[in-house]
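Heads up, there are several structures right after this.
Below are two complexes that have subunit A in common, paired first with subunit B and then with subunit C.
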Partner chain A sequence: MHEIAKLFESRLNIANVGSEIFARSLEFQGAQVVQVDWKIPCGGKDELISILTKLRTRETRVATKGQTLQDLIDEANSRALEIVNASHPTVVGIGRALDVIPGMETNLILHAGPPVDWENMCGPMKGAVMGALIYEGMASDEKEAASLAASGKIRFEPCHHHSAVGPMAGIISPSMPVWIVENKHSGNKAYCTLNEGLGKVLRYGAYSDEVIKKLKWMEEVLAPVLGEAIQIHGDIDLRTLIAQALQMGDEGHNRNKAGTSLLIRELAPAIALVKADERTKSEVLNFMHSNDHFFLNLTMPAGKSSLDPISDLRHCSLVTAMARNGTEFGIRVSGLGDRWFTAPAPRVKGLYFPGFSDEDANPDIGDSTICETYGIGGFAMAGAPAIVEFVGGKPSDAIAFTLSMYEITVGESSIYRIPLLGFRGTPTGIDIIKVVEKGIVPAINTGIAHKDAGIGQIGAGLVEPPLKCFEDAFKAFYTRLTKEMNL
Partner chain B sequence: MRDIVVKRSTYLDSVTLMRVSKEASELDGIAGVIVAMATDTNLLMIKEAGFDVESLGELTPSDLVIAIEAQNNEALARAHDFIRAETEARFKSHGEAELRPASLDTALASFPEINMVLISVPGQFAANEAYKALRNRRHVMIFSDNVSEEDEKNLKALAQSRRLLLMGPDCGTAIINNLGLGFANKVPRGEIGIVAASGTGAQEVSSILARLGLGISQLIGTGGRDLSGQIGGITTRMALEALIEDSSTKVIVLISKLPDEKVASDILNLLGGTKKPVIIYFAGHLESKTQANLTFTPTLTETALEAARAATGKSFKSAISLSKQDEKKVMQLRQGQPSSRKYLRGLFTGGTLAQEALFILGSTIGPISTNTHITDFPALEDPTQSIEHTIVDLGDDAFTRGRAHPMIDQTYRLRRLARELSDATVSVILLDVVLGYGCNDDPAGEIVQTIKATIARDKLGEGDAMVIASICGTHGDPQNYLAQKEKLTSCGVIVAQTNALAAKLAQRAIVGNKNA
Partner chain C sequence: MHEIAKLFESRLNIANVGSEIFARSLEFQGAQVVQVDWKIPCGGKDELISILTKLRTRETRVATKGQTLQDLIDEANSRALEIVNASHPTVVGIGRALDVIPGMETNLILHAGPPVDWENMCGPMKGAVMGALIYEGMASDEKEAASLAASGKIRFEPCHHHSAVGPMAGIISPSMPVWIVENKHSGNKAYCTLNEGLGKVLRYGAYSDEVIKKLKWMEEVLAPVLGEAIQIHGDIDLRTLIAQALQMGDEGHNRNKAGTSLLIRELAPAIALVKADERTKSEVLNFMHSNDHFFLNLTMPAGKSSLDPISDLRHCSLVTAMARNGTEFGIRVSGLGDRWFTAPAPRVKGLYFPGFSDEDANPDIGDSTICETYGIGGFAMAGAPAIVEFVGGKPSDAIAFTLSMYEITVGESSIYRIPLLGFRGTPTGIDIIKVVEKGIVPAINTGIAHKDAGIGQIGAGLVEPPLKCFEDAFKAFYTRLTKEMNL
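Let's look at the complex of A and B:
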């Protein structure tokens, strides 16, 4: 039957976008009306609105008649979402960065976020670089380390350029042990260091003797024990662990209590069988036990390994990485390949540990936003209501955060689900077009680093990425699209 | 003291702002409040009210301007508090996890049963929303005007390829399955199907039919530009095809301004292919004629009468005609006016009603200036200033950018009415009073209040301007036809049965004067 004839025979159900007078008068007539909470798109910016309208009304002229640019993008985006949902991150072992990370070299130091040179690094990142040089034996003290870092003999590159991710400063130096996570669906791998715990730690820019001593212990004791335990246990299915943790009150970024406990439960029987003395094995278990964030360094490479397969899909407008180096916030978009779109790193709004305040805080830092890019972290807050206390919120705020993220994602996770939302999948696949249209930026949970090297974490909270990164990427995306389509 | 501030990148619906402005103006110690989006029209209005708009710097239409005239600082602060509470209450309700989707795509995904999307956001944003609806295979009505022709063309092509109904842009009225969308009157269900490029034209015809006891099968709006050469009548064609196919529709009515020649011949070809009688009102096509199943009519009133005859086989001409009594009263009032009172002033909220009046009056009373874009009549350079005989459409883009339509918000018309009443050269003021869903709750009441206040202020009486009105509405409308009529007649307004008859009465008055 003709669509219009069908309409004449159906009950009219209306969505009202605009004046509420019309919704009220329809309700008065007994009709079903859904009032949409409309807002001006693109913050009212003419240039962006004009691109948006063109995406949605212009025909591609190459394919099926009536196909618009947006249709083309939607196809690419749903393919990308399928790939992310099919991804199967799995821990396959622990290795030395120099041996396993592609392109790693003896004079190369990897860092969090988009590219940044030594001069422009923030305090905590500089501290972490110096610590890493001392740890590697390339410098004997702070002064020597700083001049070596500035000498040009050391190269700095983002973790993201080497299939790796790092929390906070995200420093990976050649001798550091790293988790090896393989995406069993696409076959690619991702890497991340082992989490050092809280207090004075390298990732927050600390480089004192005790920091270096701990890193050495991790390299010489922790990594071999865990590596052997994984061999005994076999691959660890991260997808299942994360899915369970999310149903136990974690969101996988700022809260990892459940994930860490599940990992210990998974590995403990195998650790017991490792050839090492009892005391050492107890130390290893206790190290994991005393660090609620131990599992963070696994959710991150799980995200990275699941997103890398969509890092360069034609016409795909999904974000493949969000990362901060403490100076800048940067994003990458699938259809734009490895280009970074950056803006100054924002401040984190949150709760400080006693004795600290806004003034002590470093701008937002770390690769851990890969969690939100992957559809967990801030996006799964509805399942981790304890987190909202960092911003003095209520559990209902946590739900609102997750619900609003459905506005900017192309779909839902088929694996990670939230009991409170009727086991709805977490919002997954951040679409720059939706972000720009609605002016809603990804909700990110994160830790706050002290601006001076070596002091460490001073709080935690929520951070709003700069909209400018998304707007710039949106314009570049449209330019590239029209060029490719010869429009 | 006058205070003006801007809240950047804030959007609030014009109807909400109208309410907030009105309520804030009524606070103690407040002389006036305008809360409005920073569109050119609104800024002009705020400037005219004596506020220093320039002090705000560069403004865009997505900025909210708050202009307050207060007697003292305390009152000013109270007004600001009130406005903040009223505008932020809206934002607060967003946060609650209530049934209010934050965007159209979310609404459509969450409610698969939605089959029609009604869009009334500011014009430059309407195409984007319409596109989302069409992509998601929903029918659309775009109430908004100020949508570009290019966007309209693209959207209609998309709708056509997906066989979806796209009513508008600038579609004021539709009745689908007996539910009124936008501005629409309460009419019974019946056998007459209407396709209309004009909202008030459709309201006038459907209301007259309803008052005659006849009903509507469907009333499909197309938007004013649909039958232009650029758009090519895409929606009109789809709507007519649907009504030709529709077994509940026995008679078809087509209402439009004079279409593009080629488009008209396409449409008439299509209509020639059905056996159903078709009544056609092309505004400005002044001769009545019948060709096979097609009947052309010169006025909306005759369109309704012809449709009624085609549907029932009976003539209703005697039920709707100029009342001798009204005629007599008009002539009497006219004779009481001094010869210096010469001019007609038409203040219309319905564009098609304004045009119908113009076509009926034609050149019989001398040149009439207007903003209705009809080339036969001199164009008003400034539609806010009347020149001799003047008919203005207050629903024209120039008046509605960034404000609610005058069928909802009569503020400007009432101010203008007071001005015309006090003008010593004015003989007749002609008004349309449009009722129905979506319209002002009590348009007649507001008009009466203004008339009474002006009479009291200027000590008007015998020999002053007369007011002739028609009510476009039905007995079932929420405002109630009879109650509205009662209010108008009680303060001396002469109420004709239809807009065409009101125009004819006005003509008698002015011409009668010349003869005298």
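Let's look at the complex of A and C:
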């Protein structure tokens, strides 16, 4: 009998690699099958596989060390992870955007995501820009604001180009108060507006009178009280607050109930001492209490200030920013400096507020994906199973998301740990090479804005970034690498 | 061939019931074995098995309905669970123990656990009593206090006899301020002191000047400010706060970081409006902020006020109180009214603060086991995996504890849900029959007091209540049942 034929006489121990359909079919015939997850690298794309092979082949020798290119990259990535893990984001104060944000000007408006001009802005971003111009007193109504925005007299630049980040439309105009977050390890700063709360808010593209009135109150009442409270309290260690919040059901992006609570209890004793009347202080405390997302605008600059120190490291393949302007999704990669790699913004799959559906939704928008870039948000969902009530899915999905993110990250946070996973650090440092090789994109959860200006938030959900951004960056990364090394 | 012998010719599918040692031995011989958990009921004790059999035998007919006694008990237990689930604990104010606690008197001191006289009190309880007498101005020092306590002029009664509960020594003296918690569903009230914080505190048996000074500050400053803040704020819905906290990593007994944070953010806007100077308000906010156990003294009366309405239901085999005075562990059972069933207080297995060990520890003490009786605390540990850092063990143990508690409870909370378990309600309503039948005792986590008066907390850990309390109650329950029904 042929040796192979003998095999089928005996009881088979079967392992199936790759597509599950074969395993299911064998099981149907009564066999026991062990299924091994495996996908063809780089989605089977020749050009990408070829680059991956070159990165890992000894023949592509580097300098005198006999290393592969991948060895060099691994070294750079390890150093980068150390820098991110050593970062120490700290609230040091509140300031006016024009006074504190580097390069801010009176006719400049910052927005979320990669660069976009007025013509190509999505509805909610246009709405937020118009609201900001009205808020600044540069236009008296929607029509005037739209015409000013289109006139060329106003410049638009990404928050990310100015050490800043903004949720959703991410609009920062000159008079807005911003949190000043300093990375005490590297000395750099990051900036973010104060969170406006729920309902009709500028960041979701609403610009009615109530929106502008609230922004003015935030500028004139909220920011001075909080600013003085921070002076009384002293610096606020965000690393400690975020680490605690992640052990209290937050993931730091769409769930910030614990972070908000911890911030309030931290600041309340100082707010009591601020020179303001009792009613004002009560209003400020109540404003924070009424908005569980208040802390989001601190996790974001915490991430930004921690990632900026690795924004331009030679040979480093880690993502330093993921951001969306509502039209395009863009990423930046450490070894490629400030270049953006973009693709059309994807749609969010989620849960809608009553009366809204998929058709009303704007594509994915906002700088808040700095959270995932930093190793929290979607990457820390295993610590926040209750979030599925807000973004959809089952608690077990939340755990699965975090576990799969270890596949595409270079390491783990040494600060942010998930009790449920035996206090394992969150997956940290998205490596474009791993993303492209495995075809696994970062897990992101996010809010959903109405596609039209002036309406606001209509839901929240999960979104898959376009793989194209990572593939394009991967190719550019290899090109730059070979050029730099004269290979 | 004999039929049985044939069996051993074929491939065996083996299920092993009970002791795992047989399964392991078969596996060692190459067999595949499915292990089924099973223990002999009632630990194999004849008297208990005999009662259990009678409860479930149709021959023991009840009235005209042809039911077993167990059917009657099941009905009563279901009704009791409904009452507990419908309970609505709410903070309605703060008052002076003498003014608000039913039956409180100037020469009466309330303590944790079942009744105990001065002679039999453990070290930390004696310490707390002496501290309370000094605080009340009834003694000027330790010696005078001890002699007064022993003189017979002071009466000692359990908190539980006065609609109250107290953590650790659980001492309530006439002048102490107490939370007033009303169960808005049943209209009854429960009382608990305000949590003193960490370090040297009366509840752990410390009574030095700093302890007494802090108690005075709590009476003269903290309580009036919080009392006025509650008036401004209005009632505080504890059910909502506890439900949120259990989704934020608390289990409501040894981890109350979230509950404390939620309480602070809820009250801070009202505290800002209280008629007191700014420094005082800041002090009050800071006092709460500095103590993550502050909320424990609210989860406890929430439990007490929710369980008291089932404290005397005919045929109901649910536990209505578990409490320890540091000398004895005691339980009360609904169908047995206010009788205590006691056994020597067990020792806690846990983590010690630096410099302390097992030898320094007092046996288990405190009314805080009202949490577990109410379906939170040790029963909700699956939602609080980070607690193992405080009480010992692995995060997976925390989940296992909660899962095993479903074995001895009559149902689930309809309010308190654990995201990780698919938002399943916490195991609620400890049934003495199930405890005795399965030999599984309630999972309790707790603080550890030094055995000597005057020292304080030295650790925290897990404790197993004595099965004897449940077995004795089980026998008494059956005796009463048969007597009532003339069987």
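As a convention for this text, the second predicted complex is superposed on the first by the 439 of 487 C-alpha atoms of A that agree within 3 Å, B and C clash if a C-alpha of one lies under 4 Å from a C-alpha of the other, contacts with A are read in each partner's own complex, and residues count from 1 in each chain.
Throughout what follows, a contact is a pair of C-beta atoms (placed from the backbone, for glycine too) under 8 Å apart; a residue touches a chain by one contact, two chains touch by 3 or more.
In this text the structure is predicted, and so the values were computed from the model without any measurement.
Novice: Can A:Glu484 be said to touch subunit B (first), subunit C (second), both, or neither?
Specialist: It touches nothing on subunit B or subunit C.
Novice: Based on the superposed arrangement, let me know which partner A:Gly249 touches: subunit B (first), subunit C (second), both, or neither?
Specialist: A:Gly249: touches subunit C, not subunit B.
Novice: Just to be sure I read the superposition right, which of the two partners does A:Glu219 touch: subunit B = first, subunit C = second, or both, or neither?
Specialist: neither
Novice: Could you say whether A:Ile21 touches subunit B, subunit C, both of them, or neither, answering first, second, both or neither?
Specialist: A:Ile21 sits against subunit B, while subunit C stays out of touch.
Novice: Mind working out whether A:Asp312 is in touch with subunit B, subunit C, both or neither, as first, second, both or neither?
Specialist: neither
Novice: With both complexes overlaid on chain A, does A:Thr68 touch subunit B (first), subunit C (second), both or neither?
Specialist: first
Novice: Does the superposition put A:Glu278 against subunit B (first), subunit C (second), both, or neither?
Specialist: Touch status of A:Glu278: second partner only.
Novice: Look at A:Lys39 in the shared chain and tell me whether it touches subunit B only, subunit C only, both, or neither; answer first, second, both or neither.
Specialist: Once the two structures are laid over each other on A, A:Lys39 reaches subunit B alone.
Novice: Counting residues of subunit A in contact, which comes out ahead: subunit B or subunit C?
Specialist: B
Novice: So, A:Asp452: does it touch subunit B (first), subunit C (second), both, or neither?
Specialist: A:Asp452 sits against neither subunit B nor subunit C.
Novice: Where on subunit A do the contacts with subunit B and the contacts with subunit C coincide?
Specialist: 396
Novice: Under the stated contact criterion, what part of subunit C meets subunit A in this complex?
Specialist: Those in contact with subunit A are residues 244, 247-249, 257-258, 260-262, 264-266, 268-273, 278-279, 281-283, 285-286, 288-289, 385-386, 388, 394-396, 419-423.
Novice: Along subunit B, where are the residues that touch subunit A in the complex?
Specialist: Residues in contact with subunit A: 9, 11, 13-16, 60-62, 94-97, 99-104, 106-108, 111, 113-122, 124-125, 127-129, 131-133, 135, 138-139, 143-144, 151, 154-155, 157-158, 161-165, 176-177, 179-182, 218, 238-239, 242, 245-246, 248, 404, 408, 437-438, 478.
Novice: What does subunit A use to touch subunit B in their complex?
Specialist: Those residues of subunit A that touch subunit B are 2-5, 7-8, 10-22, 25-26, 28-29, 31-32, 34-41, 43-44, 49, 52-53, 56-58, 65-66, 68, 70-71, 396-397, 399-400, 403-404, 406-407, 437-438.
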